[in-house]
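There are two complexes below, and they share chain A, which is joined by chain B in the first and by chain C in the second.
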Partner chain A sequence: MRNKGLGHWMLAPALLLLLALIIGPLFYSAGLSAYSWNLTDIDLPKQFTGLANYTKLFGDPTVGTAVLNTVIYVVFAVGIELVLGFLVAAALFEMTKGRRLANAFILLPMIIAPVITALLWRYLLDPQFGLVAQLTGTSIGWFGDAQLALPALIAVDVWQWTPFVILILHAGMLSIGTEQFEAASIDGAGRPTIYRRIVIPAIVPQVMIVLLFRTMDTYRIFDTVFVLTKGGPGLSTETIGLYTYRTGFSYFDMGYAMALSIFILVTVVIISSVYIRLLRRREVLT
Partner chain B sequence: MSRRSPRWPIALFTALTLTACGSTGGSSATGDPNAAPAQPGGPMGKFAGAKLVLSRWAGDPWTSGQKEAAAEWSAATGGTLDLDAVPYENLHDKQALTLSGAGGYDILYVHPSWFGEFAKAGHLAPIDGYLSDAKRNPSGFSADSYLPNVLAQGKYDGKQYCVPDFVSTTLLAYRKDVFEAAGIPAPKTLDDVAAAAAQLNGKDGMAGIAIPGKRAGAVADIMGSLLTAQDNWWYGADQKTTLDRAKAAKAVDFYVKAAKAAPSGVLNFHVDEAATAAAQGKAAMIISTTPSLQALEDPAKSATSGKWGYAPMQFTDGHPAGELIYWNWCVAANSPHKDAAYSFLQWYTSGAQQAKVALAAATAGATKDFYTNADVQAKLPFLTAMNDALTTSNPQPSLPSWPKAQDRIELAVQDAIQGKLTPDQAADAMVQAVQTTLGG
Partner chain C sequence: MKRRDWWVIGSYVVVGVFLLWVLVPIVTVALNSLKSPQDIFSSTPQLVFTPTGDNYGKVLGELSFQTFLVNSTIVALGSTLLSIVVGVPAAYALARLPVRGREWWAWLILFTRMVPAVALVVPMFVIFQRLQLLGTYTALVAAHTTFNLPIVIWMMRSFFEELPRDLEEAAQVDGTGRFGAFLRVALPLTSPGLAATGVLCLLFSWNEFLFALVLSGRETQTVPIGVASFIGTVSVDWGGSSAAAVLAMIPVFVLGLAAQRFLVRGLTFGAVKG
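The block that comes next holds the complex of A and B.
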């Protein structure tokens, strides 16, 4: 006989951990966002301000700029990573020899910490002493030019995270049954047709997963931007994650920083829900 | 409705940590606080059994250098001094929580931005009595031994609470050989600097001047010096803005002219990038903070060491200016070992001890004799110019709300450099930013 009570008790530790580590801090942050609280005045009591921080958020021009920069960053970084990732994954899929070695090399950027990646690119693209400046004989201030800084940051993200896309898409391609390719060959289908009719439809779930993970990750981008540009020149690379950090730990305006954090959380949840819904619809269709 | 955050877990943790550090707030001590040093230049007093804890930020070579100094002081006085070094970003909160709780610190390294808060809360012990007591100081040492403008920063409500060190400012450095070869006299005023930068820019693959342009604090430091050079400052004693629009515009105009003659990518240059470019012969001049200028004279890092001349920034000849960047050493009000704490601070901030710090870390002391020390002069050839700059200097703004104003000021300078704003418009943006943040 099943013991329902025991089952509930066995769930309790996991639920308690979830409550303590995720739900609790989340509600605490949401609560703090309703207060005016400056970290430099920790002896002063917090002032309850209701939704004032959220009203301020929607009227703050820096938030608008930061969100726009973030959206540009997400769209271009994820888009380029997806296209490049697909092309490299397809090339790997076609390889008959050396696939493992190629895979190992391709994955290297992904295992480097983002801060180290940022420092690496900072030195590579240094306008005076960087490798790119030395090889090309140019002196372009990639991260010091308002027009170039955001594209340069996107390039760094593409360098580091395209391997992740390759890994997932390549795994998706390898999971396609060989009988489908054999049947296509018998029917006289060429490689473009095989990719259009078999490979791409088969890896749509992997594409959706890649989009979900990379969108969430790039939307919250902070570390590489902080190391490489600190949001500048001007506000040209100010992202919403960086602005939240600046508000909390430079301006010490913790209540507003919490409101910005909740804004990021809500927007990420909305974007993720769209992806998950699309993914589920695909599963239902197939 | 208001609510106080629950602070007891942090206070408990802090107290336990301090206990683990070996602090015994009520430890018994014997000795003679007036005892003369056993060795010339040694610390005053004997404090057998006294166990002190010093709170500071963690960072080498300063922390390890101070550990050595603490060991030397302990050997000379019989007391013991432990360092509780935490990351800078946690220092204020840890000190504040400890001081408002059970205590446990005897000596505090206090940033100017929270000095007023601690002094007002009664967390710091006045040290006027110690400074004026000949028996507590080596022969000839008193409050007059410190640079008056710097020592004055440790005063609150007429009482002296702290003694300073870790002094730095902003300076101009120029390549003597390049100026000589081009037949340009050494720049005296900032107008000379702007003209020379334009003339030398692009010559032999060299930029006219390297200057920080990144929104990371140094731009505001330099802007502060440019305002001080015009007898203007961001705000007054009442914490209301005193920023003069025309003087701010003149400062921005200089910044824009300098940035036009700077190496490519100047808007992403912090002090280190500017110093590296100058040290490697990529710029004929540099304006930066003194710790970063030390790289120019380090043969291991610089291809141009020995070729630099230094001058304070000034719009008018004979009216040098700088920004006063420093830290405060203070005695905790609830320390049971105030005599011993002062003994350490007097000795550690003296010219001889600060010379050791300077030779290792290129930061400067705050006593007058430090600036005439021949060994330090050789290591830091900008000391004379630095001393000149400090004669007319304002301290880095230390208001809790300042970081936001600083960010907007730097944003306005960047926008002016990019041509999005004219110097007048940038000045307007600054006035508005300071007014909004500080009021007035």
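The block that comes next holds the complex of A and C.
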């Protein structure tokens, strides 16, 4: 065949670009994480310290706090989004009219920039002039309270990303064949039975995709936390992404920042691989 | 009433309450952008007020928010075009052509979706500093291509795979060759998908914050940086920042609704067809 090499020629530019922009920087980062160096003395020779940045990482109490906060954030945000998303997706599924219109409004939060979302909630929850304060007559400083800041950030994530869960689960429900429902209603099955026996088993793949993407993306949460709390008060909302950013661009400790960024990468890849293995077993992802 | 009817009524209530939860924050900011400070800083919500354009005048006047809008447009268009030009042929190759190690390449591209921006932004900052590209559009376009290119490849691959093979084979019989079949048959047939993919790339680039925060300079700051700079400052200008937020949201809503049908596919990397 005369065009045998065509596939490679069409693929090569994309692969080179990905290598240059992603794989290259990651290796660069992994290499430089073996040095101790500060951004302020970039021209001085860097001191090779081997794995020192990594041993520091595992003994760093802030990393422990940041990982714990991140895990709490992931578990609660993703959990609430999944339950709420299923409820609304099922409600949409039961609707006889107006589904498309409702969908168009439901998707709005997830296409707004996280920074804008942060601004919306900053004003909504303002202790003095926010809508919540105005309507309830309270003056709670949600983002300034060490107990409430993390739950408030989780609420912001739920607002922004439950629509994503709804759209995916709803799409899964729509792809169930009508004959299954007809057979069930002939048998006289009620709605709860239909959901338990037909709908929920049918959307397991969509649930797993939701879990994969939401876990991956909440784990690296940065934008809203940066804008709303900067990790505070104290360390109450410090996340691993934020700590990495601060280490690099506030303390200029680049070697350590690179070690932290490699840590985030490796943990994300491990978590994702577990999900992807499960998905492949069910032949959802090919 | 039958039990079935109660389920339907209950569903409308659930969806209605959820829509309220979704819309209240957006509508509140839209209203704030039209209010004078007296109407914003009040102990009760002011639903009836005299709308004013002052906030928009100020944002587009002394705060020159349009600079951010222009920068975002340049970066979004640049990274979208680059991703499409490079990514679409790659997607076709992965979907249709004999390629050595196809699965391996596909997985490498999926892996790139897992890489957190924060893991890339640290080395990129150092690299771009060395190359003296910090603060340039080039740096931002390159950074945004790290997420847009994989999206283009995965989405377009799924569109190409859905095409019936006979059409391209027929074109080859006519003597156009495989590249001709790609250019003259596959590409036109997937143009709605290509348009949606482009729209999603514009959207993701428009909204991106971390790369822009670290890699942009005073001249190249994008919309999210502009909006963030309004929040948390000592004297928070609610009306002005709300107007800026509305200006940032309008193009997003237009783009998002245009690509509504393919939004889920883009966000899940083609895993859910939606």
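The working rule: the second predicted complex is superposed on the first by the 271 of 286 C-alpha atoms of A that agree within 3 Å, B and C clash if a C-alpha of one lies under 4 Å from a C-alpha of the other, contacts with A are read in each partner's own complex, and residues count from 1 in each chain.
In this section, a contact is a pair of C-beta atoms (placed from the backbone, for glycine too) under 8 Å apart; a residue touches a chain by one contact, two chains touch by 3 or more.
These numbers come from a predicted model, not from an experiment.
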item	value
First (chain B), second (chain C), both or neither touched by A:233	first
Which superposed partner A:241 touches (first chain B, second chain C, both, neither)	second
Partner chain(s) touched by A:249 [first = chain B, second = chain C, both, neither]	both
Contacts of A:35 with chain B and chain C, given as first, second, both or neither	first
First (chain B), second (chain C), both or neither touched by A:129	both
Partner touching more residues of chain A, whether chain B or chain C	C
On chain A, the residue positions that both chain B and chain C contact, one per complex	42, 128-129, 249
Chain A - residues contacting chain C, complex	2-4, 6-8, 10-11, 13-15, 17-18, 21-22, 25-26, 28-29, 32, 42, 84, 87-88, 90-96, 102-116, 118-124, 128-129, 131, 134-135, 159, 162-164, 167-168, 171-172, 190-191, 206, 209, 213, 216, 219-220, 222-223, 226-227, 241, 244-245, 248-249, 254, 257-258, 261-262, 264-265, 268-269, 272, 276, 279, 284-285
Interfacial residue positions of chain C with respect to chain A in the complex	3-4, 7-8, 10-12, 14-15, 18-19, 21-26, 28-29, 32, 40-45, 86-87, 89-90, 92-94, 97-100, 105, 108-127, 129, 142-143, 145-146, 149-150, 153, 177-179, 182, 203, 206-210, 213-214, 223-224, 227-228, 230-232, 238, 241-242, 245, 248-249, 252-253, 255-257, 260, 263-264, 267-268, 271-274
Residues of chain A touching chain B in the complex	35, 38-43, 45-48, 126-129, 139-146, 149, 228-235, 246, 249-253
Complex contacts: residues of chain B adjacent to chain A	1-5, 7, 89, 92-93, 96-97, 100, 113-114, 117, 121, 213-216, 263-269, 276-277, 280, 282, 400, 403-404, 407, 411, 414-415, 417-418, 420
